[in-house]
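Letters A, B and C mark the chains in the order given here, with residues in each chain numbered from 1 onward.
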Amino acid sequence: MANPHTNQPAHVKHYFVSSEQQFDAAKMGMWLFLVTEILLFSGMFVAYTIYRSWHPETWMALSTALDWKLGGLNTLVLLASSFTVAMGINQIQRGNQKGLLLNLILTFVFAGVFLVVKYFEYSAKIEHGLLPGAAFDPHGISHGFDYATYNVPYGPQFFSIYFVMTGIHGFHVLVGMGLFAWITWKAKNGAFSAEYYTPVENCGLYWHLVDIIWIFLFPLLYLI
Amino acid sequence: MGENGSVWLPDPGTTLAGEVDSLFWFVFWASTIMFAMVVLAKVYFMVKYKRANESDVPEPVEESKVLEAVWIVVPTILVLIVFTWGFDVFVKLYSAPPDSYEINVRAQQWSWEFSYNEGATSYTELYVPVGRPVKLNMTSADVLHSFFVPAFRVKHDIIPNRYTSVWFQAEEAGEYTIHCTEYCGTQHSGMNATVVAVSEEDFAAWIAEQSQDLPPAILGQQVFAQCQACHSVDGSPGIGPTMQGLYGMERPLADGSTVVADEDYLLESIINPMAKIAEGYQPVMPAGFSALSQKQLDGLIAYIKTLE
Amino acid sequence: MSHSAPGLNYLNHSKGFKSWALTLDHKRIGIMYMVAVSLAFLAGGILAILVRLELLGPGETIMGPDAYNQSFTLHAVLMVFAFIIPAIPAVMGNFVLPIQLGAKDVAFPRLNLASLYIYLIGAVIAMMALVNGRIDGGWTFYAPYSTSIGNGILFVTAGVFVMGFSSILTGLNFIVTVHKMRAPGLTWNRLPLFIWSIYATSIVQVLATPVIGITVLLLFLEKAFSIGIFDPALGGDPVLFQHFFWFYSHPAVYIMILPAFGVISDLMGTFSRHQVSGYKFVALSSVAIAFLGFLVWGHHMFVSGQSAVSSVVFSLITYLIGIPTGVKVINWVQTMYKGSVQLKSPMLYAIMFLFTFSIGGFTGIILGVLAIDVHLHDTYFVVAHFHYVMMGGNVIAALGGLHYWWPKMFGKMYNETLAKIAAFLVFFGFNLTFFPQFIMGAQGMPRRYYDYLPQYEFYHALSTYGSWVLAAGLFLIMFYMIASLINGKKAGLNPWGALTLEWTHTTTPPDHHNFHDTPVVTRGAYDFHLAKHLFEHGGEVTELDLGGDGSAATPEEAPVPNEPVA
């Protein structure tokens, strides 16, 4: 399996001197990418902070429109998925390909559960006219609660920020599912070993970031 | 140079403009001297150290710490002076004296409206008294604009739903150009007006003449000029409802109820547009109209009543 | 594989469309970027000439206000996002950076190719605005005007968002490459200043671009779904947009200018055959400027309604950046002191840069003074200032770099006499175009004006005449560069007598894999006094420096193959 020109293992690209150099480079690249992700979200957190400080009463009133039980459930689901990713990396470090595969599949399933819960949350809000913009028109009664009371000044801003932040986060979850589908397929074909598991490591890093962002989103939007 | 108009700056029309100019000339000449030194050194080295022998390889030069310190410290001192000076004048530029004569300015695509507390309103000319500080309270009806009088060295952005202000004190009677300096659409470059600075007596006379009691409906028609971007008077559709036949009708509202469009409804809708939203329209009307005087409001209502 | 047959290089070792379109070779990707950004520059330049032509006299000259407003906006969007930002990093960075590092490629070649295609897709999306409604108001897209016009803004914001990704990925790639792939012996203190500046640029690209990403995304959503973040009619705040926009766009100015610093440093060192004065200062201040650049965005907003306190702070930090930049200029001038200066065409551009960029810098200091900025803000003074920085800085440096690396890229020499004539035309035309704009700006001529008062006609006319001279110079460059590919003299290995690895350790044009053997670096990038053996036979070095006269290279310091990450 070695590259005849460089006497390096086959997974080492010709322009790298060693497997170690390649791994370090990939990991550093991933960390830099995560920094850009944090900055992308930080713009939205700034918008959140500014509008919250301008209209705190609106924010406090409308956070009750979000179901903290569903949000809490999703928090647990994401935490569990972060755990399974970490377990998967731990397994492959010890050369256990089966253990990796199992954990990757679990992670994929958890990500799916998160999106399904999110779907129910979104559809309830859309049904009651909470989409911001021209269509903003809270109405309808469910579980004995009258949605029309959400028609307060700057309410659309709250829901704009809610939908934009959770929407972009949800998009990241979707991308994560794609990534896990890809490495699960590779893991099934035995592409990874204790010597080479860079893609698993990097997808794991990405997934932890997605998780951490949600850990911030959940209390900021649902609880306070 | 700098006392009066020059190649670089237009004639200063206010005392403060003169202060801005002194600062400008200080930075200008300091920069020019330093720039000339850099260019001279560059040209001298280019000529003096021109490669004579193709295989010549000069030795590196010991770098002088003193020299390095000089060209870090000297410019730093210079910019700190300039910064402090600039800060001082900046504060003056934006601190209107408390006894300023206040004029309200509304900017919209692509015209100005200047309203005076005495009730007068003008559109292409901003009349101000000479020798008295004038403060402009500005807001925009649509997008961003910016108020700029080159001769006064004052400028400030005009923002919808918010008031910003500038002040100046014209020193000499005369006419000074006003430009809009924040891009606002097709006719941005046509959004100009003129400051007409006149003596106190002439100003008082102009105000009196302009503020004569017009019949309310005529005054209202003048004021309505700024409403026409959104509200038609002939039934044609717009961003807001048409005024034609509005008075006295049963007006369906967005929340499903109806209201009779009487004087009270009209007044409320002008000064607090979000209170009752007409069915089929967005709650997008700016709140700035609450600043209209009672007389203007009366005039507007009288005018709307004539639109059958 | 690593030992190509003689006569084979990266240009001819494989042929056909696919060998280019799917290449992972950083050199070919660099060349493809060069074609793409040149087209963007040509399109943006033609628009600039039309804009200047319209301004030749007051009133309508060749087009109406709507056409004019869209022309200058498109000129700006093309030049900023499709040309200046990728010009030096993506073209010269891609071609030169891995070779100067002694690496066989960048760290992530696939990502590199992806960046190119992402850039192209972004540019195409942005251009689709042309056929999908209007796009005017300048490249700053201030809300709420930008959301009040047609759907063109949707395409431009989407295009800028996508091009931003390309910029982020290129920056990320270069940072990792510089950290992880330096040749043995190439310590941080020996790095060419071009690498340092691209490295600093990459930091800004990675840190700032995501913010413009989210800003244009929010603007896109504002337009598409009326989410009310920026539009005051919906309860939003337009000043917030300006904060977001300049938080990116001021650092973006450093994305545009820092690579130019790198090119100029390399040119000054090589053509003075002398150590670049204050090497450490020039290197580290680039990185410092990259970070400080994040703290000055508010100096674009002195008159826009931000608080006075923030204006004061922003003005002060602006000066903190001005000082090291000024010291750099002095360092470049000082490099010639007791050097051996050769005025070849690349050096002419470096000298020209010192002139034009200094004017840009000093006028920047003038604009940074709070009270003066109130008068000059949004006038032609600002237009002239940033053209002196962007064009007099970045474009002039890019032209210098192009003339410097062209022989290495294609193995052909251009006509030096024509190059000198063109350099003169560019210098004269540039100053004639933009210097009058300082004067009319100070007189009060606002920017983005289709029509103007007759008192400004003289300056506008001068400026328009200047644009013709400038255009003539640029077209002349295009002409002799293309001609050199057809019948240019064959270029030697190292025609300038430079000491960086792309000249001393690889063939002209470079081998497909850059090097036959990984180079071992034994001296700094500008230690000419340690390489006297190369110049014994005159100025043009004709053999590779694989250890002087056949003897093996002996590193003066122990080679450091993989330093820990700094």
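The rule we apply is simple: contacts are C-beta pairs under 8 Å (C-beta built on N, C-alpha and C of every residue); 3 or more make two chains touch, one makes a residue touch a chain.
These figures come from a predicted structure and were not determined experimentally.
Student: How many steps does it take, at the fewest, to get from subunit A to subunit B if each step moves to a chain that touches the one before?
Tutor: The fewest touching-chain steps linking subunit A to subunit B number 2.
Student: Farthest chain from subunit A, going by the mean of C-alpha atoms per chain?
Tutor: B
Student: How many angstrom between the C-alpha centroids of subunit B and subunit A?
Tutor: 46
Student: In whole angstrom, how far does the Cα centroid of subunit B sit from the Cα centroid of subunit C?
Tutor: The answer is 35 Å.
Student: Please set out, as single numbers or ranges, the residues of subunit A touching at least two other chains.
Tutor: If we look for residues of subunit A contacting two or more partner chains, we find 134, 153.
Student: If I count partner chains per residue in subunit C, which residues reach a count of at least 2?
Tutor: Residues 234 of subunit C each touch two or more of the other chains.
Student: If you look at subunit B, which of its residues touch at least two other chains?
Tutor: Residue numbers touching two or more other chains: none in subunit B.
Student: Which of the residues in subunit A come into contact with subunit C in the complex?
Tutor: Where subunit A meets subunit C, its residues are 5, 13-17, 21, 24-26, 28-29, 32-33, 35-37, 39-44, 46-47, 50-51, 131-134, 153-154, 156-157, 160-161, 163-164, 168.
Student: Where on subunit C does subunit B make contact in their complex?
Tutor: 65-66, 69, 136-138, 142, 144-145, 148-149, 232-234, 238-239, 272-275, 277-278, 302-305, 308, 311-312, 315-316, 319, 322-323, 326-327, 329-330, 333, 336-343, 351, 354-355, 358-359, 362-363, 365-366, 369-372, 374-375, 377-379, 439, 442-444, 446-453, 527-529, 531-532, 535-539
Student: Contact residues on subunit C for subunit A in the complex?
Tutor: So the residues of subunit C in touch with subunit A come to 1-2, 103-105, 107-109, 111, 168, 172-173, 175-177, 179-181, 206-211, 213-215, 217-218, 221, 225-229, 234-237, 240, 244, 513, 518, 561-562, 565.
Student: Spell out the part of subunit B that touches subunit C in their complex, as residue ranges.
Tutor: Against subunit C, the touching part of subunit B is residues 7-10, 19-20, 23-24, 27-28, 31-32, 34-35, 38-39, 41-42, 45-46, 49-52, 54-61, 63, 68, 71-72, 75-76, 79-80, 82-83, 85-94, 142-144, 146, 148, 150-151, 153-157, 159-162, 164, 177, 179-190, 284, 286.
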